[in-house]
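Chains here go by letter, A, B and C, matching the order in which they are written, and residues are numbered from 1 within each.
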């Protein structure tokens, strides 16, 4: 029972982690809580659905959804955030993000209606047992794909030119631009990568829970943001750990405490952690420079 | 009379010793200068005196009272005011409001008095406005009192910070690089201003400064910091001729 | 009073005016926290729901006079604001935003499971005591007291915290205490609005006070202009009217609403009245002549 719940928790948590990465990367560079990120995740789930429905192989569909959301994420950044950058407070950018979020979820609701759409049976969902633990093949696939994406992201950040530029920008945006880094390009790339990861998370959650709907991004987005803060906002490994641990704790809470408080558990944990360790699990304590 | 005494103060950041066993005594109504190369720990010293950092070792005595670990706002209310190296004004508030906020520490009306407009609040408002306007006249920014603080020129912003600090009715004022970014003429006026406020308001002034000319000109005593240690102190003439200072700070040709 | 007004104003408009009034009260509360003091709170609906439920339950079960019920609701919200504020306000910036979201969600889930509040079904049959005259009387009082506060020693110290916390401390301002004060008073106004809302709607339900409601109130503050009382009032008026005006575009309403937020922020990044001052206007007029 416990081990199965753990696997369930990790599966849910890996989707939180994939969304949280987008929040944390964007936040690390432009200090913006990208509230439209949950909607990108929702669009990823739907894009994947449409591709699967039109008969594309599920993994190709996953790639397609990621590419689509990549473009969508860049478009949103270009239209709604870039014009505000530098000339306004962070709060106006936040409101702009909220505007985009409302716009995108309404757009999908108009197109598909507000009801839940079921994912077609695409992966033969067989369960097998390891010892006494039941695991579904779907869970294995989700965990594997998530792990692959996260390793890929780490390599990208650590080894590539754009990754180095991203790290530089998250240290100091102004200095980076003085060093000849094209800051707009880096920010655009950050949105692209974060959006692609969210899309993957969205599609996998859609398949796993066999349901997608236009407002699925709101709560998932909030919890993923909570995961990012839990791990220490701005920290990439923090987002992964925050997401996974939040997923596990939520599932455990539902299993052993009460299911009617499901949505409150994640936030309660987050608040407790922040009070004890304000910088999050992996965040560094930044002493204010005076 | 000693107004401020630091006794073997040490501070560390992440294992790095920012201040090492620094002891200083500052007399009432003197103009005291702290000099030293970048990273010598001058601003850290100010942050310790104003309670932003709590020193890991040593004692800090203000008018004979130990103030280690006292909250910054309480230290301000005890009469230690300061300006900041990287100017910290209330940018989107008027020049006048900046100085009025400076009066916070010497006024008392609370929430209910303010909301209900009780006589104590109204009386204090008159006092605050009067005080702020006088200070702005003193530093020559009265004409610009309704401008946003961040619309002022750089030198004006530095002077506004001084006015805000003075609003606190302090007995000790810490000026962190008051002359930074000023042209020679502005610096000349600044020196006059510093002397004037000391003489008229009977204050003690401690300043951190890079401009040797300014420091040697107005400071009665000077302490030299290097890598967190005090390497000399005394009158400008004495410090200027101290071999250790010449070697480690002023360097050849100074 | 309302019967008199109803002779001249259509019931539909009266209803909208009442909503505008309630939103002004709540938005002014949030303005104090976020606009003036600069502490980003994204859970104002949580305090609204505390006020709404407390006031409604008192009215339903104890038959208390109306003003007592809504005051109790506001006091309940304020005490929660105070209790939550103490540990929370040590956090800065966006951690605070997250924690306030979290608290509001926890409160919502709590009411979803709260027996005396009717759980997910909500509370119905709340007497409709709230009317036009009461709401606008309260609005006027709140605006006057708010203005008095902002132009006082205490109000200026709140602005100082928003502008530069360290400099504020160096002026002798106990920033933690002032932040808690702003949070408590702001929550009080949120709860007051909630109580009025409950006594106008007959019926409340935890979903009325979700994340989107918090966002709606925050939008009013930011759109109008952070820290400005006329700005917040204008923001509340516009964003309460917007969904009604947008009825002509029927189901595309929210699409326009979202788009409008983005466009307004691009063209007026500091809010509609955020950087408008009579002094500057006068100066500009003076130059033209």
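One rule holds in what follows: contacts are C-beta pairs under 8 Å (C-beta built on N, C-alpha and C of every residue); 3 or more make two chains touch, one makes a residue touch a chain.
Computed from a prediction, not measured in an experiment: that's the story for all the values here.
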item: Identity of the most central chain, Cα criterion; value: C
item: Far-end chain from chain A, centres as C-alpha averages; value: B
item: Distance between the centres, which are taken as Cα means, of chain C and chain A, whole angstrom; value: 30
item: Centroid spacing, where centroids are CA-atom means, of chain A and chain B in whole angstrom; value: 47
item: Inter-centroid spacing, chain C versus chain B (mean Cα positions, whole Å); value: 40
item: For chain B, residues contacting two or more additional chains; value: 52, 84
item: Numbers and ranges of chain A residues touching at least 2 other chains; value: 290
item: Touching two or more other chains - residues of chain C; value: 166
item: Touch list for chain B against partner chain C, complex; value: 50, 52, 71-73, 76-77, 81-82, 84, 88-94, 97, 100-107, 109-111, 113-117, 121, 124-125, 128, 146, 164-165, 167-168
item: Interfacial residue positions of chain C with respect to chain B in the complex; value: 145, 148-149, 152-157, 159-160, 163-164, 166-175, 181, 185, 275, 279
item: Chain C contact footprint on chain A (complex, rising order); value: 27, 31, 33, 79-80, 83-84, 87-89, 91-96, 98-104, 106-107, 110, 218, 222, 225-226, 229, 233, 260-264, 267-268, 270-271, 274-275, 278, 288, 290
item: Parts of chain C lying in touch with chain A, wherever the complex brings them together; value: 34, 40, 87, 90-91, 94-95, 97-99, 101-103, 105-106, 109-110, 112-113, 166, 211-212, 215, 218-219, 222-223, 226, 251-252, 254-255, 257-262, 265-266, 269-271
